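Provided herewith is a single structure, encoded as structure tokens, for subsequent inquiry.
Going in written order, the chains are labelled A, B, C, D and E, and every chain counts its residues from 1.
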Amino acid sequence: MNNINEALIPAVCEIVAIRQDTPDVKTFRVLTPDGKKPFIHKPGQCAMLSMPGVGEALFSITSSPTNKEYIEFSIKKCGCVTEWLHAAEVGQQITVRGPYGNGFPVETEFKGKDMLFIAGGIGLAPVRSVINYVRDNRANYGKVDIVYGSRSKDDLVFFEEIINEWKNDPTVNVHLTIDREQEGWDGHVGFVPSYVKELGFDSNKTAVLCGPPIMIKFTLQGLAELGFSNEQVFTTLELRMKCGIGKCGRCNVGSKYVCKDGPVFRMDQLEELPDEY
Amino acid sequence: MQRIGVFVCWCGSNIAGTVDVKAVAEALKNEPGVVHSANYQYMCSQAGQELIKDAIKEHKLTGIVVCSCSPRMHEGTFRKTAEAAGLNPYMVEIANIREQCSWIHKDIAEGTEKAIVLGRTAIAKVNLNAPLMAGESPVTKRALVIGGGIAGIQTALDIADAGFEVDIVETKPTIGGKMAQLDKTFPTLDCAACILTPKMVDVAQHEKIKIYSYSEVVDVRGFVGNFEVTIKKRARFVKEDICTGCGLCTEKCPQKKVPNEFNLGMDNRRAIYIPFAQAVPKVATIDPNYCTMLKTGKCGVCAKVCTANAIDYTQKDEFIDQKYGAIVAATGFNPISMEKFDEFAYSQSKDVITSLEFERLMNAAGPTAGKLVRPSDGKHPQKIVFVQCVGSRCAACAEKGKEYCSKICCMYTAKHAMLTRDKYPDTDVTVFYIDVRTPGKNFDEFYRRAAEEYGVHYIKGMVGKISPEGDKLMVRASDLLANKQINMEADLVVLAAAIEPDKSARPLATMLTASMDTNDFFTEAHPKLRPVESPTAGVFLSGCCQGPKDIPETVSQAGAAAAKVIGLLAKDKLKGNPCVAHSDEMMCNGCSSCEKVCPYGAITYEDKEFRGPNRTTLIRRIAKVNEAICQGCGCCTVACPSGAMDLKGFASKQIMAEVDAICK
Amino acid sequence: MQKINREVLINKANELLSNGTINRVFGWEKGDFSYDVTPTIYFTADQMNKKFIFDDFCGANFSKYLVAETKKDQNKVGVFLKPCDTYSFNQLLTEHRFDKEKVYAIGVPCDGMVDEKKIKAFFGEGISSITSEGDEIIVDTLYDGVKKVKKADVLQERCQNCKSKKHVYYDELIGEDGEVLDSNRFDEVEKLEKMTADERFAFWQNELSKCIRCNACRDVCPACTCEKCVFNNPNSGVENKSPANEFEEKMFHIIRAFHVAGRCTDCGECSRVCPQGIPLHLLNRKFIKDINSFYGNYQAGEQEGSRAPLTNYTKEDLEPSEAVNKGDN
Amino acid sequence: MRKCLLQNQNKLFDQISSFASLYIPVETTGGNASFKKYEQGMVMSDVLKTDRSPKDLFFPQTENLMEFKTSGKNIEVIDNRKESEDFVVFGVRGCDVKSFEVLDRVFLVEPVDTYYATRREHGIIVSMACGRPAETCFCQTFGIDASAPEGDIVCYKTEDALYLDAKTEKGKNLLSKLADVTEESDGKEALKQKEQIKTVLAKLPLANLKADSFGKDKTKEFFDAPEWQILSKSCLGCGTCTFVCPTCQCYDIKDFKTKDGVQRFRCWDSCMYSEFTKMSAGQPRLTQLERFRQRFMHKLVYYPTNNDGLFSCVGCGRCISKCPISMNIVKVMKALGGIDNE
Amino acid sequence: MQVNEFKPKIVAFCCNWCSYAGADLAGSNRLAYPAEVKVIRVPCSCRVNPMFILRAFQRGADGVIICGCHPGDCHYTSGNYYTRRRMALLFSMLDYLGIEKGRTRVEWVSAAEGAKFAQTMNDFVQTVTALGENKRLEDLRCKK
């Protein structure tokens, strides 16, 4: 759909469904006006959504490429574009351009590996795309573990999907945790990093890590203690971007452009970059 | 994004007559944020308000725009409507398509187009509105009444009777005002003193009322519920609390040649005086302009004769700070100066007098003990001419007179004429008038009695010139009905001088930040619906300071003002205006520009710790707005260079959105 | 009179650094050429000996740096201030932008700073060195040998119209203090005022169209110390990043001049740093001139704590209509 | 090589402008010049460094990208670019010509920036050898020869004539259209000037400045250098250096609400601005040090890393003369390279 | 002949207490003034930021008028005194930049001066009409 030659000119798409995931996260299902998927993407890639006059912002695509019907974005309310989106209704048109970025190496480095997905809060949004990709191509991957945590039960995104699909999938182990005790919650309570250590995973897994910086920092320490090396851990970065195509200079960190060379980085690649992300 | 409902009011034909309301409702439907648009005959009616409430619920509206009359009229109404339906009242904006559209435009196309723009502008604003919560402030349960005439007296008594403390500030040594100078009152002809002085006594004896006589208000700070007022109590050189009012000093004082202002200078008083027998407070006052002791240090007679030792020549002006919850202006009126009306020979002949002077001449306590004589020679006047509308309704001669009707002159002149004829049936009385206006209970009957029963000659016509000729006055006038010139001799001419607000009203208005009209009458918050309130919250109007009135009107307005004050003071907390300034501490430079322009001192500064880069702490000086004190003028928002200061309800972004919508 | 040279200043700074009065000092640093002097901060006399310079190109005013620098720690910061710098300093104090207790101000004399652009306008590019000798400037060029020019002719505009050689603030003064001067700084404003509206419009249209919105004028301005400028603030409603068209050029410069009106000390930095050579000082001076003629003479920064004309009023102020017609002669 | 006598220079310009838009450097105020669209009678300035680089003509400071119309919930995207026409930029100095290579490697790599690409396609660059390089010139540091600039046509200006040498098809094509205002020449004069320029270049104060210690993969070496602290100390955070720089290409995309639509435009941005990387979640470059460092690291290390060692600085020296506080890339290179003046 | 009559766009900022009430009074008294005038209600004339005025011109206004209480009568005591200074300086600056001075005006209109309000607006519209379209502070993007 998107003419690659006109990288900055977006296509018009329509919000066809909106789901309130948590008090401040909504998931938007987006199609072209004639009901098609706007583009084919790789798990972990992003796209620019905009409302003319409000602004343009980059969001990770949360649906899996294996979903042939639509693409989805899970968006947390913070800033003017997201606020506008949260107030939008079904049928609202927006503009979309993308997909941008490298995505997760699902067909190369991940292939045949045991996967460990670790996410905190809205960090599950990009990871969900890989998880579902892996589930839909189950034969290509080894064991799958998912550790997901949030402030409270109400802040767990995709809760329905986690409970109804992932938890019911015998090939997937889901480990949920919330930060503090809460009524109606009989699962694990505690922060993600300590839960990961508690769970004590085998260090032969490939880990995908996404969440707030503080969670990433401590989870990395935990993984290191468990014997994971930096080459085994992937994460995805989010920086302020404008063009999405590695030209406007905003997301430049060291010699990399997050929008083009990222947003997915292996930890050892990330270590090479100056600490400015 | 808001969900906005638009409600276009027809206002009967007031709006619908020149604005195609349906087209407006239709056009506004497509504006950003609008999800519902309706029109109705009277939005402010019960049914109209129900319509709005239902729409708020049905369409889950987050903001509403009412295209109707001025927000000054019904903004409050619709805010209450919104609130009743669970919407924050400040999510309501009014597009004024009546006063500022349908009423001034004749062409429907033009009116409709403008109404759409005005609607669009209000929608643009509502899109950026945020719910506002009013802060609360306590109410000082004490009222201040400025002016001790019948208006002030009645207001004070009514408030005090409801159980609240009241202070009266009166510039003269006694309360009583103009009414105390009157002889009889129309249309009942009862004696002014007989009905006023008991009230004065009531005031003096009321435990809730304190009188600051011979005093004035010199500064007003604060705001509704929390005024702080400085009262200057002028030195009267007599200890008020000791003086018994025996009056001995006023008889012994050797300085006898002081014009007696109570009798309008028609006789003299002493340098120490009590204005009149029933004065309240009944204490003597030394006039420093005439007192020999104060001027030269030699005399001291009054001190010697005073058995109570109440005289104190060293007394100084005293400044009293007092807090009030409400302030009532009751500063009254004065007849205008006759100096500019040379054609009536006021300054040339002692026998040309004003009606108020006539009032004193007729009064038993007046300079002539109630005997009607000519001031020049003390002879009984045989022929009296009354001239109406001197300086009133004077559109052509605005530089010396007033454009408005002074309202009371027709009636008091009828009273004077009647009383004269009653007391001195041999006197010939002629009244020159432009119109005789008698709209009041028993007023026309009263006037007709004067003309018909008492044989007063009423001539419709203007007096052109009055000139003293010998000991007579020659009156040249035109008789408009007979269409002829009249030359008439008179022994006494009485001028019905226009009345004007007291001179103290203008500086007072400035202190109160209350607005005034071009004639220096206080402006009411609404001429019909809020006639006793000034637009400044907590300031109320009583008596002639708001416009010319007779006594019954004054008393009823005084009561109304008191009722408003009581309503205010009865509250323990006042909901403030939530449209106040707010400083964004992240952007504030702490430069003090805002503080300097704030008229209320609502802005203070504090040093606050902020997180700096790399785990450092920065201490920055930032502005804080005291929301209870801020009145929301927005002056600070422009003084602030960084834009840290903004005004809730009138935010820069909102105003700019309005600008954009208008200019589109 | 004692000749004030760099050694005197280094010695003074050294004394203050070593006796603990200050722990760092703002001073000028020589560059690769004769004229590219950079403001910097020194911690030791040794650093100063290597790099400190005090000559005809030390125009940089340190006052604005103090806003951030004094917040860094509890130590006192030393600063060299030329007479005109002290006005900015005072104005910042008036606006509570920093605490004077954390600054040790060393007043240094100034007999005008040279504008290398003017030298280049005379001799073109290719200047190998510039030295001064008395009231002459000696310029060694790559192509035309050694040239001489009167210093007065190549002074910066603000120095040609110097308003004051008097320090209005210092903890210590080096050398003797000068006087407030009668300058002709409003001449150019008057010249513009005398033009027709069309001519003025053409003049400003041409000048402002050069603007590239680099914000140098704003960022160097000692009055522009806002935590966040309205033009950078997406919530202000007037944010703009580029002179998208003629309107936005005017908007930026009018509002900037208005925001500093009554606070601008007329230091002339805005014009000096403009990479496009726009005479921005003529906007600020117009406000100063108007303020002086409408509300009485007022020099921002002259007195700490003085009330700026725009945060003040009298009941007899002239009406806007009169103001407009006053400028019309 | 073609020769055009100086007295015919304007005829040459008139000729060019008869079939293409022509931009030449024109003097504005004493010693300053900027590229302006040629109108009859305009005089080409010899000023070496235009206030803004000719980058503007290919990557303008503000540029409309597209427009939107919205009604109700619907959006319409309108790309209202028109057919581009050829234009000629005359008198581009060697350093500025080189800057286009730097920009090309950003804008013309996939996905191509079509706005820039179209202009590059239609723009013909006539470069100008620098007869009198300035003291602030240091193009040699980056291997640029001001005596032999690149470009579609190279021009040498002598006392009495312009010598035009077409280097590309585009250039030849243009030159062929100028046959009646130019004459064939052996180019000896041009060669002579070229040599003369070379001797001047060698004498320039910055002639010996080397960039060797910078370049590809040197991030670790310089990123945490202590010098950044003092170098960035007085940086005002303005965008002067960025905006006068011929190679800086950061931009921002913004929306402007027009009368009844939205215009999406892009405009130059600067990594020196504190808002540049600010986002709702935080600010990765908190102080001016980091922002200052980003600009110079990008020019001297990051860009070369991605572009076969090509530096993103062409030594034009504009930042040297324009920086309000006289901080510039030369001082940075010297400080980081351990070169002290004296 | 086709007469394309120029209708200026006028933004009038009116303070809530005096001038807005004055405008209402003009309406109550059916005192006509051109529909080109659109009023924005502000609490006090001192709320009017010079940025609003420029914004109006940018967005296509041909004239901007600010109405407040008479000096001395400000509901907030002193707001209009500041307005007076600010606008005196701003208008003088606009004039200095060559912007036609008839396009901006400050007028004091009390709540009682409905007639003055109408007359002021009539007069202002006439002045601005005579000046024609605002070309010197326009932003072409806002016109298409």
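Annotations
What we mean here is this: a contact is a pair of C-beta atoms (placed from the backbone, for glycine too) under 8 Å apart; a residue touches a chain by one contact, two chains touch by 3 or more.
In this text the structure is predicted, and so the values were computed from the model without any measurement.
Least step count on the touch graph, chain A to chain B: 1. When the partners of chain B are compared with those of chain C, the chains appearing in both lists are D, E. Relative to chain D, the chain whose mean Cα position lies farthest away is B.
Taking the mean of all protein C-alpha atoms as the reference point, the chain centroid lying nearest to it belongs to E. Interface comparison, B-D versus B-E: the higher number of contacting C-beta pairs is recorded for B-E. Chain centres computed from CA atoms place B at the largest separation from chain A. Note: centroid distance chain C to chain D, computed from Cα atoms, is 30 Å.
Chain centres here are Cα means. That of chain D falls 46 Å from that of chain E.
Between chain A and chain E the centroid-to-centroid distance comes to 53 Å (mean Cα coordinates, whole Å). The mean-CA centres of chain A and chain D are about 39 angstrom from one another, to the nearest whole unit. Residue positions of chain C touching 2 or more other chains, listed in rising order: 230, 237-238, 244-245, 310-312. Across the assembly, chain D contributes residues 252, 256-257, 259, 269 that each touch 2 or more other chains.
Among the residues of chain A, none is in touch with two or more other chains. The full set of touching chain pairs reads A-B, A-D, B-C, B-D, B-E, C-D, C-E, D-E.
Residue ranges of chain D in contact with chain E, taken from their complex: 256, 258-259, 263. Those residues of chain B that touch chain A in the complex are listed here as 1-2. Within the complex, the chain B residues that touch chain E are 70-73, 96, 98-101, 103-106, 110-111, 113-114, 117-118, 121, 509-510, 513, 515-518, 523, 535-536, 579, 597, 599-600, 631-635, 637-639, 647, 650, 652, 655-656, 658-660, 662-664. The touching residues of chain E, when paired with chain C in their complex, are 50-51, 54-55, 57-58, 71-72, 78, 81-82, 84-101, 104-106, 136-141. Residues 189, 192-193, 197-205, 230, 237-238, 244-245, 247-248, 250-251, 254-255, 257-258, 261, 283, 286-287, 290-291, 294-295, 309-315, 317-328 of chain C are the ones that touch chain E when the two sit in their complex.
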